[in-house]
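Okay, so chain A shows up in both of these, paired with chain B first and chain C after.
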Partner chain A sequence: MKSINIIKDSIKEINLQLKKKDKIIFKNEFQILGPKSNLDSLVIVNLFVSIEEKIKEVIGKEINLLNEDFFDKAFNSKYTLADLQKDLDKKILKKK
Partner chain B sequence: MILRTVSKKDYNKVRKLFKRNELKMINFNRWNNLWSKNPALLNKKKWTRGWVIEEDKVIVGHIGNFPMNYFLNGKNYICSILNGWVVDKKFRSASMILIKKYFAQLNIDFFLGTSFGLKTSKIMEALNVKKVPVKDLDSSLIIILKSSSIMKFFLGEKTFLFKNFIIGFFSIILTLFFKRRFNYWKNKFSTQNIKKCNIIDNQFDLLWKKIKLKKKNTLLFQRDKKWLKWHLDPFLKKKKVWLFLSKENKEITGYSICIEKVNLRKKIKSALIIDLITLNDFKETSKNLIGANIQEAKRRNCDIVEFRGFDKENRSYMKLFKPFKKKLRLNSFYYKSKNKKLDKLLSNDKYWNPSYIDGDAIINI
Partner chain C sequence: MQKLKKYKNYNLLVNKVISKSSTQKIKILKFLSFVDTLYFNRAEAFSKEFLKYLKVQKIEVDYAIKAYLKLCSDIMVSQKYFIKYKKYPVENEKTAYKAVYDNVKEMKSYMIGIAISQFLWPTHYAMYSFFIEKIAKEKSKIDSYLEIGPGHGLFLLQALKQLKKNTTYEVVDISKTSIQITRSIVNFLLINKKKINYTIKNIYDFDNSSKFDFITMGEVLEHVENPKQILKKLKQLINKNGSIYLSTCVDCPSIDHVYHFKSIKEIQQMIKSCGFRIVDSHILPVEDIPMKEIIKKKITINYCAHIKKIN
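The block that comes next holds the complex of A and B.
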């Protein structure tokens, strides 16, 4: 399973809990963190936890996205779904 | 956006942030004293008051951080207390940056937060921050002093037609049904050895030495004169706290601390028993101290007496008064320790006796 599919599945799962105006739009430039992001911290946490669970199912190993430095490097800049995909690719490949 | 540490000058901006998010903030002196009078920092030890996120000179996010000293098995542990994690809605995605900054601190034995809500508690769990493993932290034991307070307790925040009439009517019904239980606490204790204590003086230093030895297997906030004064001074000044000592042959056998809290929304005046320590004849001493607190709460015209947290033993003493049990929305006490040995100990409920004296549970009252 590619990381893009993992992200897609997780977004679908999270969107089920969100109101229409708050839903995550699956497109590369969608900002998870950054000036245009209106995601609530709990939504971000839930998205990351869902991705972690799916990665565990696929590669059988635990990763902790919340302990990574995504938040720090995105501060004052932006962190998009495309960035997340790139980071996951690095991680999944690294773990494999 | 700028991420930086909190300074003394930030008070007004942080207060505005709290106000925008419908939260109350303590006055400047109380806020500043969390650090300036903190016994752990009197030796000019460096400490970060917290972090803020600033956008165009407006503080849009804040997380506060102050130390408290704890003891377990004769060892001293520095605890970082999380206080006031607030972020404006528009910037909520950045709130994770604040919490990560907070947990990234070094030289802390454990982190403790006692005021998490439904949402923030979920975030804590995702960050592997653990719930304080005391089963009954999600409920309160309550002694009802006025029957109308039950209805206010459950319906206080709701508005509906004929509210006052309905509250009044059901209060009468409840009084008829529960009269014996409401009055059960009376005459179940003796105040013969109980002395009211209006100041926190040197006897608390001697007492703390004894407590540290007797209760060494329990994680305890340092309850000596300087720490108790730091924690309770704002309440002492307003006469919103009372302390009872149990004395036998001039020797202190136990003590309790109770504070007054007014819930303006529910219009309920509560007496919170925040500390109960006994050194011998545990059952009798605890019973007499709790009874004296209920009596004092009644004298102060409180609606209810609340007892939250504590270990099984202390709760069993409170249960001697046949209190009502109120289920709370959640256990709002969470901790994290990077010290593996301490973390292992803290995962066992037998080392805990948590109450409102811990963390920031009474800071915002």
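The block that comes next holds the complex of A and C.
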């Protein structure tokens, strides 16, 4: 399973719990954290839990997306879905 | 936000935080849209003094903002662990002591972050207001005051400002760094100096030959393995007609929370089983959604209470 599909599935799952105006839009430039983001911290946490759990099912190993690199990038500029996909690919490759 | 601009120092802190974090921006601006003038006045007074304190201590404002954001990100990391494994990331006091209370760098950042949160988080501010209200109500009866785990010292400062001139003060904390921070903040911000006895000790080992008219113990119960033991200790330390302010929380994972309270009822039952009656209390969920959903999703609920010993 490709990382992009894992992200897509998790977004679908999380969006079910969100109001229309708060839904995550599946596009590269969508900001998870950043000046244009309106995601609540708990939504971000739940999104990452969902992705990490799906990854574990696929590769059998734990990964951690909510790390120092994420917060550094997010607090100093922005963290987009494209960044998430890049990080995910890196982590999957490393764990394989 | 137009109103915020009137409060120069608070505006500076808020803007520095919200320019860095979108999640904080949403929460803080929502909160500030419904607070009153008293809130802004208190927040400005705090910010003005706090910024002065940082300057004297040669602490950069940006360091303080980073410390606050670290607190927020640590909570997110702990929440993720809690959702995944249905338990808090820290299992015992020893681990928390080593990672936080005995770690100068970590503790300093933590204390500064928590101090800022007092005026950015609705639940923290509500508990602070509740405390101010209770201490004001009880002040004529208080000749001796004990605070356990004073942290940033803001509650202690309120007591020092409001209580009678000859009140005696005792402060206990397990962390040397925490005591140093409390002492330096209090010494800096208190105009009329008062004698305060600071003790670095685990509260279990605190000498209970002395009794107190008022005890403050904010956010301590969830940091220990056996909160019941602490409540029993409080019963020994409080005078017959004295009263206690305490606060804790339900489903609140953090880098140093050890005991997991699963409901408000559990806290209240524990307080009562240790020989206290609850005079007044506040139940404060951290999200603005129906209580049913808060409980179902295991979202943090802060709790503070004014309690008295059943004689």
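Note that in this section the second predicted complex is superposed on the first by the 95 of 96 C-alpha atoms of A that agree within 3 Å, B and C clash if a C-alpha of one lies under 4 Å from a C-alpha of the other, contacts with A are read in each partner's own complex, and residues count from 1 in each chain.
Keep this in mind: a contact is a pair of C-beta atoms (placed from the backbone, for glycine too) under 8 Å apart; a residue touches a chain by one contact, two chains touch by 3 or more.
Note that this is a predicted model, so its numbers are computed, not measured.
S.K.: Since both structures carry chain A, what do chain B and chain C do when superposed there: clash or fit?
M.R.: clash
S.K.: Contacts for A:Leu66 in the overlay, against chain B (first) and chain C (second): which applies, first, second, both or neither?
M.R.: Touch status of A:Leu66: both partners.
S.K.: A:Leu42 in the overlay: touching chain B, chain C, both, or neither? Say first, second, both or neither.
M.R.: both
S.K.: According to the stated criteria, A:Glu53 is in contact with first (chain B), second (chain C), both, or neither; which is it?
M.R.: So A:Glu53 only meets chain C here.
S.K.: Would you sort A:Phe30 into first (chain B), second (chain C), both or neither based on which partner it touches?
M.R.: Touch partners of A:Phe30: none, neither chain B nor chain C.
S.K.: With both structures aligned on chain A, tell me which stretch of chain B collides with chain C: 148-156, 166-174, 184-192 or 310-318.
M.R.: 310-318
S.K.: Using the superposition on A, tell me which residues of chain A are in contact with chain B and, in the other complex, with chain C.
M.R.: 33-35, 37-42, 44-46, 48-49, 66, 71, 75-76
S.K.: Considering the complex alone, what residue numbers of chain A touch chain B?
M.R.: Checking each residue of chain A against chain B gives 32-35, 37-42, 44-46, 48-49, 64, 66, 71-72, 75-76.
S.K.: Hey, which residues of chain C end up touching chain A in the complex?
M.R.: Going through chain C, the ones touching chain A are 20-23, 26-27, 69, 72-73, 75-77, 79-80, 83-84, 287, 299.
S.K.: Flag every residue of chain B that touches chain A in the complex, lowest number first.
M.R.: Residues of chain B touching chain A: 1-3, 87, 90, 92-97, 99-100, 119, 122-123, 126-128.
S.K.: Under the definition above, what is the set of chain A residues touching chain C in their complex?
M.R.: Chain A reaches chain C through residues 31, 33-42, 44-46, 48-49, 52-53, 66, 71, 74-76.
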